[in-house]
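I've put the structures underneath this note.
Shared between the two complexes below is chain A, which pairs with chain B and chain C, respectively.
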Partner chain A sequence: MKEPQIIVCAKQIPDPEAPFSNVTVNVEKKQVLVDAPDVISPYDENALEAAIRIKEELGGKITVLSMGRKVSDTVLRKTIAAGADALILLEDPLFEGLESNSVAYVLSCAIKKIVAYDLVLTGRQAGDWDSGQVGLILAEMLDIPCISMARSIKIHDGAVVVEKTVPVGYEVVEAGLPALVTVSNEVGELRYVARSKMLGLLRRPMPIPKWGLKDLGDNAERLKKVQLMELAPPADMGRACTIIEGSTDEQAARLAAVLKELR
Partner chain B sequence: MTPQRAMFWKIEDVWLFYVIAFIALGLFTVGVAIHIFVWRKSAPHGKTSFSWPALKHSLMDIFLGLRVFKGDIPAGIAHFLIFWGFVILTIGTTLLVVDDHLYHFLLGRNHLVFEVSMEIGGLFLSAGIIWALVRRYIQRVPRLEHRLEDAIVPLWLLAAAFSGFLLEALRLAAQRPPWGNWSFIGWAIAGWIPQGVAESVYPDLWWGHALLCLGFIAIIPYTKLFHVIGAPAAYYLHHSEEKSAGASLAPMEPGDSLNPADVAVLDACMRCGRCVQACPSNGAGEPFSPRDFVQAARHSLWLEHSPAGDIRFLSKQRPIEDKAAWYCTTCAACLEVCPVYGATFEAIARKRASLVEEGKGVPDLMNQTLERLFNYDNPWVSSKRERGAWAKGLDIPVLKADGKESQLCYFAGCTTSFDARAQEIAKAFCGILKHTGVSFGIMADKEPCCGDIARVTGELGLFQEKMENCLELFDKYSIKDVVTSSPHCFHTFLNEYSQTPFRVRHYSSVLKELMAEGRLKPKNPVNSTVTYHDPCYLGRHNRNFEEPREVIGSIPGIKLVEMSHHGSESLCCGGGGGRMWQGTDLRGEARMSEIRIREARETGADILITTCPLCLVMLEDALKTVGLEGKMKVMDLNELVLQSIEQ
Partner chain C sequence: MSEILLLVESKDGVLDKKTLELIRGASGLGKELGIGASAVVVGNQTAQLAEEVASFGLAKVYKLEHPLLEGFKPDAWVGALEWLCKQIAPRIVLMSHSFVGKEVAPRLACRLNTELTTDCLALKIDPNDGALVRTKPIYGGNAIAALRCEGLPQMVTVRKNAFEPAEQVTAKSDIFDMAPAIDESILRVKSIKTVPEQVVELDKANVVISGGRGIVDKDDFQMLTDLAAAISKALGNVVMIGCSRPVVDKCWMTSDRQVGLTGTIIAPDAYVAVGISGAIQHLVGMIRSKKIVAINTDPSCNMFKVADYGVVADYKDLIPALLKKLEG
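After this line comes the complex of A and B, so read on.
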């Protein structure tokens, strides 16, 4: 078959793995302040890894799309270092704080502009708000089939064969191309990008197209922002550690008693 | 009649012998030339120069066989016998050629001495080989492999030795010279052989023996026998190389060339497996063998550089999984016992660096750890701003960037700063320093990571960044004197940085100095039996076995007992080489830390003392998982000393 053209949507977010003490919640301003470097949302990294594996097997081209009010190419060049071929940044002040439907709309405009594609991959959800909607809505807007929660993706005879994670095990689902697949972490971590490789890439000049709303149809009234009703910090649960002594049987019995009491 | 021996007695077509000898020597020379070619290609920038001390040291290694005796006396004796048997017979045969072609001197007494020496040589060789075969195939010493060449090489050599004795016996049986009994073995056999039979069989056996011996020379470069050339070369190159105190995982780019000593060492490996026996990872049942790793590295050098591929035809290289590279804790136990001074680190470092560069073979947890190290300047899930949190309320001076006066900087390091148990090391050490009135300070939340983890995991770009960052900060803070809690930071600063423009010590040296100066006097008796666990990077890598023991010994009431593995033979806790951050991704049948804590328990000690935050955390965890909590304690040396000076 011909070499697949793959589009991966990658969101830039503050590191969700940031140490606890680097995260503060401002209840009045309804803001979560994270003092941490920006990274690519982990599920989107899984999606990129899945794309790179397909490319390793069948060849083809991987284009990474990332949108936001301000998108850093130093963060997103990691995708190129890992194995993507092209990077397109969708950047516009109007892209700040959009709700999922609007995000999917902007992405769909960009993908329609790219025209030729066989497979669109997104993370199953973003690592900041965890809504998990954009991929599904995007497939609807592109009018292509969608398979969610992939743990393995193979392209075979013009179709995509996906192992879809379900609460007990997985299902194997097949769809004709082009299709959209949302990728789960079971696919595996994005391969490591060595510092030397990253630095080499940052030094190399590279054309990275930036598309704003104007380039994508200038349809500002379609964009809606998230209305945040309330924001509460997680309750300070404190930490208490008790070591339960005794033989294994005694430990089990005592643990059960302690848990019963806590219920 | 003067005692002497006629060359080529009863042999016709002597020219044929010379043709075969020429071919054998030709094969030998071509083989050795290929080895040298591969070495030069593998280490293109290496320089070698003549060094008398290196030569002397190498000759001692070669002729005394000390490296082979080390840690395995039976193997040492077997090797000693084979080595000297081989040397005597080789010299003897060479003398025979000289005697026949150049100068006839093996007459009379010379001849008798010659005959006796050759008997002894043959006896040594046969006894050594039989012993070696018994060890490998009957006693089945676990570290010895059973590959095709492991059988062919000794049997070949034994056939050559036996046929030599038999040939001599036939000659003596046929000739019956009056001095025949000097060849005491051949003479004894000759008594059983009728004269007529001897004369008729002799020529055929002569050719058989000649072919065995010449064939043996020819196969040297193509089998593990190559070590007879490779090992002496490796010794010389190793000794002539300028080495830092510890063996080093030198920073290098993937694909960077090796130095000549490493190449020679890799090529001289004859799979003896002492490294496997010493390896704590292998001992814990993990699927890692330093030998296989070194062999794989050797093999890949050959595939890359040899015009004829790998020429060790009788020992097929087994494939090695990329994952194997991540098991090594870089504890250096293998280097301690390797008869050719090992190059496990170079092999591991190259593999890890290439996996990191490629990106694909890095285990998930290591991947995350390296990301964290880059983003937050420590391998733990901790915020840099919390780095000095352990010092809260302890009234410890924080060094200032504009500090003009250089004073002692206590470099706590990542694990000591963030791990709740390891923080006790810092608290206790600072308590001691304050008690003795030493002026010092800490960098608190400005303290950087030394980069050790990046280095040992092969992330050399990141290590370079950490090193530059550290050097810059130390310069900005005018830090000229550093004491570390971790032997890992200590080793990295001292031996792995491209420059170390400051003095660096591990805290155990500082304690020792304070005691020597009389400023630190342990007085409260600690009435306990303790044992001491040598951290790999303080002991084996930096040869500091004594100072911590002296500090322990100066505490009144204490009794120090040793574990069966101690000093240079210490067993790794399993936390080095990045393993601390690998979790259970990599596992064997047992945990190294649990094996170690059980060994400590066997000494009957109440307290296990160590001098490294990684060891402390690993061993304390193991104490809980093997159920020894309450029966034994794991303590840092500082905690013990503090107990002994506190009011």
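After this line comes the complex of A and C, so read on.
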């Protein structure tokens, strides 16, 4: 078969694994401030890994799409270092704080502009808002088959074959191309990218197209923003912790007593 | 006709507890808005399930029946529900934030040209205009947002335990047969086979012992299994093994054992966290446990902040010693 053209949608978010002491909720401004560097949302890295494995087997081209008000190519160059071929940034002040449907709309406009594609991969959910919607909506908008929660993806005879996690185990499903698949962590972590390779890439000039709303149909009325009414810190989860001190033997004895009391 | 519609889910013919919670939630919202709450049962043969659902005080129960709806094929379910929503034009649509809800709700929302909020913890009606206000954790649970969206129906998926389960009443709801206009052509994804795996249901355990990235050797999970056996023997209860996500990523455990935001959310009598740092996405899965015990080499780890008992120790030393004490 011809070499597959794969699009991976990758969102930039503040590191979701930052310790919660680095997260502040500003109730008045209705803002969450995360004192951590931006990263590629973890499941999107899994999606990229799945794409790279397909490319290793069949060849083809991987294009990474990332949308936001301001998208840093420093963060996203990691995708090139790992094995993606092209990066397209969808950047516009109007792309801030959009509802899922509008995010999917912008991505769909960009994908239609790319024209030739066989497979679109997204993460199962973005690590900031954990919505888990954009991939599925995007498939609807592109009017292509949609498979969610992939733990393995193969392209075979013009079709995509996916092992999808289901409550009783996994299901093997198949769809004709082009198709969209949302990817879960069971696919495996993104391969290691040496820092030197990353830095080398940063120095090398590389054309990175930036498309704004004007390039994508200029349809500002179509974009809806999230209507946040209130933002609150979570209820206090802290408990008064009794630290069990002593030698290992003493610790074990006291812990055994605690566990036996559960009855 | 304006009503609240909720999607019924079942497993092996047994009504899902999350559905009972949705019924309670929908009934409450219905009262506030002065409209009825209805349920839809989707499948090929749904009579029995529909009868059962009809005993929970809902205004109506829709039987959405078609041979293509046998089993869960997302394409067919989305198509059939789209058809139903276009027939009855519900004002609010509620689904559980379950395997089915997560897959069906976004696609349905797109087809109905409305906006969905997923994984809500609470719902209320805005007294000013009757809009559905959606409370949802964001940033893994580090912040709680209250949002509203335009568009009809107002659509959400709801996290388990958001409402108390509904109770049966004597009056029966009316049951309506609905035959959706769908055919084979809507199936775009073909199911080749389903491969069952042994699946544990962590929410059935009295005690869950979980291992995290701190467990350095796969074989060391045997220690946790031994500990589970010892506790089970001492207390006569159900003890299961869970884990944090890195353990699943390493393929040492299957994802049904993962506790947390994207795993299982549980509230056992006791949770023992071994070598787990306490990332927010993990905590949201176990914070409602009645007693939390943490074993960790790092005295400053987050898990100690939410635990009732903490032991600063290397599990490799502590667990063998603990086993002796439990057996002695």
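What we mean here is this: the second predicted complex is superposed on the first by the 238 of 263 C-alpha atoms of A that agree within 3 Å, B and C clash if a C-alpha of one lies under 4 Å from a C-alpha of the other, contacts with A are read in each partner's own complex, and residues count from 1 in each chain.
Here is the rule we go by: contacts are C-beta pairs under 8 Å (C-beta built on N, C-alpha and C of every residue); 3 or more make two chains touch, one makes a residue touch a chain.
Bear in mind that the values here come from a model prediction, so they are computed numbers and not experimental data.
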First (chain B), second (chain C), both or neither touched by A:37: first
Contacts of A:82 with chain B and chain C, given as first, second, both or neither: first
Which superposed partner A:19 touches (first chain B, second chain C, both, neither): both
Touched partner set for A:214, first chain B, second chain C, both or neither: neither
Touching partner for A:204 - first (chain B), second (chain C), both, neither: neither
Touched partner set for A:255, first chain B, second chain C, both or neither: second
Chain B versus chain C as contact partner of A:192, first or second or both or neither: first
Winner by number of chain A residues touched, once chain B and chain C are compared: C
Which of chain B and chain C A:125 touches, first, second, both or neither: second
Overlap of chain C and chain B interfaces on chain A (superposed complexes): 17, 19-20, 188-189, 243
In the complex, chain A residues that touch chain B: 15, 17-22, 35-37, 39, 82, 188-189, 191-199, 243
Touch list for chain B against partner chain A, complex: 253, 356-360, 362, 364, 366-368, 370-372, 374-376, 381-383, 385-386, 459-462, 464-465, 624, 629
Chain A-facing residues of chain C, complex: 11, 74-75, 99, 102-103, 106-107, 109-111, 115-116, 118-119, 133, 137-150, 188-197, 199, 207, 231, 234-237, 245, 248-249, 255, 261-262, 269-270, 272, 279-281, 283, 287, 291-294, 299, 302, 304-313, 317-318, 321-322, 324-326
Chain A to chain C touching residues, read off their complex: 16-17, 19-20, 23, 25, 32, 34, 99-101, 104, 124-125, 127-133, 136-137, 139-141, 144-149, 161, 165-176, 184-186, 188-189, 224, 226-234, 237-244, 248-249, 251-253, 255-256, 258-260, 262-263
